[in-house]
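Letters A, B, C, D, E and F mark the chains in the order given here, with residues in each chain numbered from 1 onward.
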Amino acid sequence: MVLPNRTILDQEENELRDNILRMSDLTDKAIDRCIQSLRTQNIELARQVIADDQKINDLRYIVEEEAYKVLALQAPAARDMRKVVVAIHIAVELERMADHAAGIAKLCVELAKESPLKPLVDIPRMAEISREMLRDGITAYMDANTELAAIVVERDNEVDELDKQVYRELLTYMLQDARNINRATYLLWVSHNMERIADRITNICERVLFMVTGNVRQNEED
Amino acid sequence: MSLPENTTQTTQFLPNEQQMKKNIRRRNRQAKFWQYVFLFSIILAMFSLLMLFFSIVRQAFTYVAIYDQVNPATLSDKPLEDLSKEELGNIIETYYTGIRTGRNDLRTIVFQDVLGLSINEQDSIADRERAKETVTVREIFEDKGKAYPSALAEQSIIRLQVADYAAIIEENLDQSGLYDFVIEKVVQPLIVDSWPIDQYLLDRDTIDAEIAEAEARLRVEKDDPTLEVSEPEFRSWIQWHLLTETIDLSRPEDAGLRTAIIGSIWMIALTILIALPLGVGAAIYLQEYSRGGPIARVIQTNIDNLAGVPSIIYGILGLALFVRALEKITSGSAFGLGAGGDTANGRTILSASLTMALLILPVIIINAQEAIRAVPDSLRQASYGLGATKWQTVWNHVLPNAMPGILTGTILAISRAFGETAVLVVVGSITRITVDPSGPFSRFTVLPLQIFALITQPQAQFRNVAAAGILLLLAILLSLNAAAVILRNRFSKRAV
Amino acid sequence: MANQQAVATEQPTPVVTRTAEEQLDLRKKTRLGETVIQAFLFFSGAISILTSIAIVVVLGNEALLFFRTPTWHEIRDDNEKIIALATETSIEATTLTLPTGTGAKVPVDAKIRLDNEVMRVISVEGDIVTVERGLEETNRLLHPIGTHIQEEGDTISPIEFLTGTKWQPHIGQFGVLALVSATLTISLLAMAVALPLGVGAAIYLSEYASESVRNRLKPILEVLAGVPTVVYGYFALTFITPILQGIIGKTNLGVYNMLSAGLVMGIMILPTIASMSEDALRAVPRSLREAAYGLGSTKLETSTKVVLPAGISGIVAAFILGISRAVGETMIVAIAAGARPYFTFNPLEAAETMTGHIVRISTGDLSRATIDYNSLFAIGLTLFVVTLVLNIISRQVASWLREEYD
Amino acid sequence: MTSNGKYALEARNLNIFYGNFRAVRNVSMQIESNKITALIGPSGCGKSTLLRSFNRMNDLVLGSRADGEVLYRGKNLYGKDVDPVEVRRRIGMVFQKPNPFPKSIFDNIAYGPRILGQRNKKILAEIVEKSLRQAALWDDVKDNLKKSGLALSGGQQQRLCIARTLAVEPEIILMDEPCSALDPIATLRIEELMRELKENYTIIIVTHNMQQAARVSDYTAFMLMGQERAGELIEFNQTDRIFTQPADSRTEDYITGRFG
Amino acid sequence: MTSNGKYALEARNLNIFYGNFRAVRNVSMQIESNKITALIGPSGCGKSTLLRSFNRMNDLVLGSRADGEVLYRGKNLYGKDVDPVEVRRRIGMVFQKPNPFPKSIFDNIAYGPRILGQRNKKILAEIVEKSLRQAALWDDVKDNLKKSGLALSGGQQQRLCIARTLAVEPEIILMDEPCSALDPIATLRIEELMRELKENYTIIIVTHNMQQAARVSDYTAFMLMGQERAGELIEFNQTDRIFTQPADSRTEDYITGRFG
Amino acid sequence: MVLPNRTILDQEENELRDNILRMSDLTDKAIDRCIQSLRTQNIELARQVIADDQKINDLRYIVEEEAYKVLALQAPAARDMRKVVVAIHIAVELERMADHAAGIAKLCVELAKESPLKPLVDIPRMAEISREMLRDGITAYMDANTELAAIVVERDNEVDELDKQVYRELLTYMLQDARNINRATYLLWVSHNMERIADRITNICERVLFMVTGNVRQNEED
């Protein structure tokens, strides 16, 4: 009497994937741009990122609404069900990542008011790693690739290390000269935001692992 | 029976396990016993059927004892089969000269059996003779292509003498034909008594005693001490002449059922013609047009009641309505028909068919209704759903799908009409009729009624004829039933 | 989705004009054929009503005539001896000559009847009776010597008809109970044979027999039901009666008797009862049997405690229909039961049932005016009412069955 | 409910009676074209009755009567001079149990066009092919068009019935629990077919299977037995609203199993 | 599947034949006590046949035959000296369509105890009350015990049938699509009743409604038609495992609608 | 044919709520304890918090597994469905909050190795506010109280302000004396963690709003 309707389900799942892909693309772009804006003190670019955040928020709402609709109307089971719920989680994480990027962009605007504290090395590096992680994580999601997801989870440590390194370095700048404190603090926030972005990618990958295996208990840590 | 004890469930209410096991043994024994009782019932029913058929078959195939009304020994010294043509001819001539109506009898034999003249032809010959015109032997015999002694060529065919007719017969038959003729017309063997085949096989002593007794009695009666009753010989009462001969209530061995069979066929054909369209029409009206309406309810109740009315009541109705009240129509006089001698007031085939139609109408209607009702409503809805009108739906779906049921019901109704007797007794068909019916306004008789008449004849051998007639009747009914079954199967196969 | 696209693009040229393009027209169309057909169908249905009306009118009317017509009976003395005989009377004669010394009292100024001719007695002088002939539209006939002189008696009241136990038309006694007693005896005999065997056979067929056995036996039963009754009559007369005579003795059992007729009628009804009961049992849904087996019933318990009670209304209906058939059955009794319209319940005796009597008086060529002819309708009416009541009961019972499973 | 869409059908204050019993009370709703509208509700809530009133199939029930209007292209189907036979051709129906005629597949589908007067064999063959294609049955049966329609499986039979309905080119197809007699897999196929058909037809479906309504329909109407056991329309909205944020608490109670 | 539980029933290499046709191939499974076990699968996969083999109801079908063992308390139900009448008393059955006897409610329930030899009226009355209470029907009918069982609504009839089964105190209750003829609300009630009954009984249910299996059962067995159209057991596990992480891809395909 | 089975559904929903309640209780306790340990330099208490984190993780897994089971088996619709999905989100947030608390506890262990930098005022204040928010947020969830949830969301700003204040203050300590840097950094992390905890409570409250209204688009910011 009641089997899920594959046509609709497949269609809805594809739509969810497409929107996630779109979101991850926008998020990736946001990270890239906010770091560029940081490096080049390009306020315009920063403003762009802040503005784009709304688009990503909207996409998240679309994904969530779609997902709840599928859950209520199609009553999916097993992997279908996990795919839908995971889509919600991923959308939320991506949206938050974009928020972080927007946060960085706001800091950029502040930083652009003064001359650069120092040539940036580690923060762009963090961004680079995060973006790689993001792309790999989304690939893992698209391909239901658990191995890739596990690798991405591992790489979070690199970003954490860099964050700590950035902190220590910035501290030396602050101790050197109290006038640096403002700018160093901003950069500190930037680094933190980057670290959180990487964190959230880790969350995404853990959700991917769950989606594929159905096992909630992934070896995870915050 | 040997399942482990129930330990988990506490049986507070049921008898304990031990008791239940004892019970179940008793229950199983009971079941076995009653199974045999039920089996016995069906076997007994089947046995009755067997006996029914047996009782008829044994009467249709019997052993008979015969004596010759004219002792062959008095006709010739030699055994008859050894006689020459001429000698046989002489015997015929002598015999017929000896009886009063001999000339007329022989003329009838020549006209009917030798020449095969129809009634009209005979009448026209008689008319011409009456008009002083001579109808010569040559004219008639050459017309029919039969042989005749040339000496008689120019003689009037009606005015010939016994010897002339005998000569003509002699001319047209060979030796064995003449021998048969002599045996049939002169010796005239008569059945003294008949015994069912089983009795012959199992109880010869009684039969021999009865033969001896009959012989003694006949010798006294005929005052002929040499008279002999033959040993029992086998006789099948199922004979071709059942179909070709008319009834003869003086000689059971010659009695045929032709008139009754033709009467039955006429009546049934007419009955179908009247009852089938009306019956199916009524069924369609009730099921499709006024289903559940007040008129339909009244009609329905009516039909159900009519179906249970004994057939004899229909007979009374037919008698009063068709035979008496509508006599003008049913006798055909209203149409200027049936003025001939073979009408019997309103007691015609038409009256009988109308009565019979009324009798089987409820059966046809109810069966047709059943068949129509069995057509799933979903088909009607499908048809209406496609924008079909009521009659389109009925014609295209309801009728085709109900047809096997309707036909089966109709055939069963017809077979009932075929075997129906009481109605026609009352409506008044005639049992001693020897003229074939010629149309709806003829007098007639039907097969079962003829059988009834035969049974009630005092002479025992007519029961043998009746048995043969019953077998014929059953054969017809069985074929009708078989047709119904085949029809049903063929249609139902096509439907699914 | 792709499939749907394909359909959309390769849409063939429209074969019926698509509704969207045509003028919307939902108006009613007159369809003459439909009306004509409906009229014919209605007429077909009405036939049955006409039949019923005809039966009631005919039977009622003629029966009324029966109750209104005075009876005629021979003039008898106190010893029931017929005492009024006429000598030969020609068509023209206006006097009757009574045989001398009979001392018959022919009533003056009253109507008398010889054969079917009604006359009025004008005067009686010794043995010479002067009469006015051919009254009441009867024809003057030639009466041979020894014709009974009948005098007019009373009309028969319906109560007399229904309660009288003597059926002797020649003395003006028309007590239908004489016929009813035989009808009853034979019907009960028949049911005593048919019911237990029929139900037993039905249970066996529906519950025990395998499908193939059932498929073979059921048609045979139906053949049995389709055998014309005249054949059963033959069976009774030529087969069962001799056997019974062999058992009971010829002195105790005549050639014509109710026992044989009753037994054979039972055999005749048996297939009907078995077949109808079997239908009723098989109409009991399989699910009920499964329920019973599922509770741990044996086959017997399932059959008798679940299936039989569930189908009981069908069996009762079969039973009543069987009785109704037995009451209305004609040929068996006409052939095997004899023609003795006496009030008796002894199955060893010959007796005449209502139907048997109708047949017997029908086979003689009855003229319309006689009371015998009219009595036929009175008996017919009685029979009609009895079977009608039985049938109504039967249908009522059967309708319980339908209500239960619908 | 969008208000600018084209309505295929519109009920206005529709009441349906069987004799003295009011089966459906005061229903007003607008059925959008080329959408699937589902009627749901507990047994006896009048959803089937309402559906059957949309093409006057109720007329076939003795003593049934409709009050109010059902507008089809601005014309009241219950108007005086409206011929129900015409109505049913334009508003087709598919029933609970697959009910193919006991004829060949070809004749099943050709029946409708034939009674409408189409005798041309070539055109009939075209109609049959087109209808079977639309019902996604052509590939299964194209080599066996002479086979009896009853020889098909249950799901195929139902698709045959749908094809038969399509052959008379209706605008609206009413479906009365079309899958309740089918197994899950056949059900799935019919549902997919419905989604394909809505490109060209307006579909109204009665189902007592809530998930089915959720899965396939665009709009859902929820009915309940109200006063005096008359069916009433409780809520009518887009399906995803009904199943995620129903406006009426009775609707929410029903779809979440709190009912009764 | 826990292995230390007490098994109510155990099938070992069970094959079921109708004549020469093998309907079920080589099924081995262990039914845990006081749990609800659901058998699911597409039409014709042999799930009903398997269920009916558990109390030898299949014996009633001409030409049916079982190969292998069904162990009940260590005893093979298909052993030589086992009386199916006794088996069916201990392993009761509830059918697809409610099938109360056309008798009073009281007599419906008293039927079983009576044939088992219980004649005492007082005790019978107690059994009737207890069974009706267990089937959650007592309050509905206690004032109308003489009413015909057929006068009840569909859902009540089915509960009556369950009460009737309980009256002979079985250990195991087999249910063959017990809700397929019922409306959603009656279905709901029966499902809740099943969950109450599993306190005291082991229940095995066949359903073609996957959601029903998901909702009510503790264990689910998924069957499919295999070679030569014989039904095979594909996967048997706890219900939540079957519906969230099925081990066999065919199971996942079926429950996610990818089948066929 | 298919209505959700309320008995099971209600039972499962209750179980989810109970577990959420249990988690929030443990989380609340973890926040309380880690701050106490910070104040009193009680290493034992800190270790306790770290150990308890596993319990909370386990509860989260239980909630998630339960929720997925309900989604797959009971196919809930409308608010039932939202309740179940929201339970997953809340469990994840609570678990992460507990992770933050554990993070604070780890910092406490480090801090306990040295003397306190300064008497703590703002951080306990943050903790206090967070705990209030947490309790209110969970109450809002239990009672489906949207007003309360909205109030909680507003209070997040207080914590953010305090975090910034703590940062500025700690910065002065670092500038004062380089030997303070280590301890100040740790306290900085503590403050950040507190801020994140409050953030996640905000998330919970937004989910509660969604659960009740069915509207995805709450006015939210990260």
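Heads up, the rule we're going with is that contacts are C-beta pairs under 8 Å (C-beta built on N, C-alpha and C of every residue); 3 or more make two chains touch, one makes a residue touch a chain.
All values reported here derive from a predicted model rather than from experimental measurement.
Asks: If you take the chains that touch chain B and keep only those that also touch chain E, what is left?
Replies: Both-contact set = C, D.
Asks: Between chain D and chain F, which partner chains are common?
Replies: A, E
Asks: For the two copies chain E and chain D, is the contact made of the same residues on each side, with over half of the numbers shared, or of different residues?
Replies: same
Asks: Applying the document's contact definition, name the chain pair with more C-beta pairs in contact, B-D or A-D.
Replies: B-D
Asks: Can you tell me which chain lies farthest from chain A, using the average of the Cα atoms as each chain's centre?
Replies: It is B.
Asks: By mean C-alpha position, what chain is farthest away from chain E?
Replies: B
Asks: Would you mind pulling out the distance in Å between where the CA atoms of chain A average out and where those of chain E do?
Replies: 52
Asks: Need the CA-centroid distance for the pair chain C / chain F, whole Å please.
Replies: So the centre of chain C lies 97 Å away from the centre of chain F.
Asks: Provide the C-alpha centroid distance between chain C and chain E, rounded to the nearest whole angstrom.
Replies: One centre to the other, that is 55 Å.
Asks: Where in chain E do residues touch two or more of the other chains?
Replies: If we look for residues of chain E contacting two or more partner chains, we find 85-87, 90, 115-116, 168, 180, 183-185, 188, 208-211, 214, 243-244, 257, 259.
Asks: Two or more other chains touching the same residue: where does that happen in chain C?
Replies: If we look for residues of chain C contacting two or more partner chains, we find 1, 298, 301.
Asks: Enumerate the residues of chain B that touch no fewer than two other chains.
Replies: Within chain B, residues 27-28, 389 contact more than one other chain.
Asks: So which chains end up touching which?
Replies: Chains touch in the following pairs: A-D, A-E, A-F, B-C, B-D, B-E, C-D, C-E, D-E, D-F, E-F.
Asks: So in the complex, the part of chain D that touches chain E is made up of which residues?
Replies: 42-43, 183-185, 188, 208-211, 257, 259-260
Asks: Spell out the part of chain A that touches chain E in their complex, as residue ranges.
Replies: Going through chain A, the ones touching chain E are 1-6, 9, 75-82, 213-215.
Asks: Considering only the defined contacts, which chain E positions touch chain B in the complex?
Replies: The contact residues of chain E facing chain B are 72-75, 79, 81-83, 85-87, 90, 113, 115-118, 123, 126-127, 130, 168-169, 171.
Asks: Where on chain B does chain E make contact in their complex?
Replies: Touching chain E: residues 1-4, 6, 8-9, 11, 13-15, 19-20, 23-24, 27-28 of chain B.
Asks: Under the stated contact criterion, what part of chain F meets chain E in this complex?
Replies: Residues 1-8, 68-69, 72-75.
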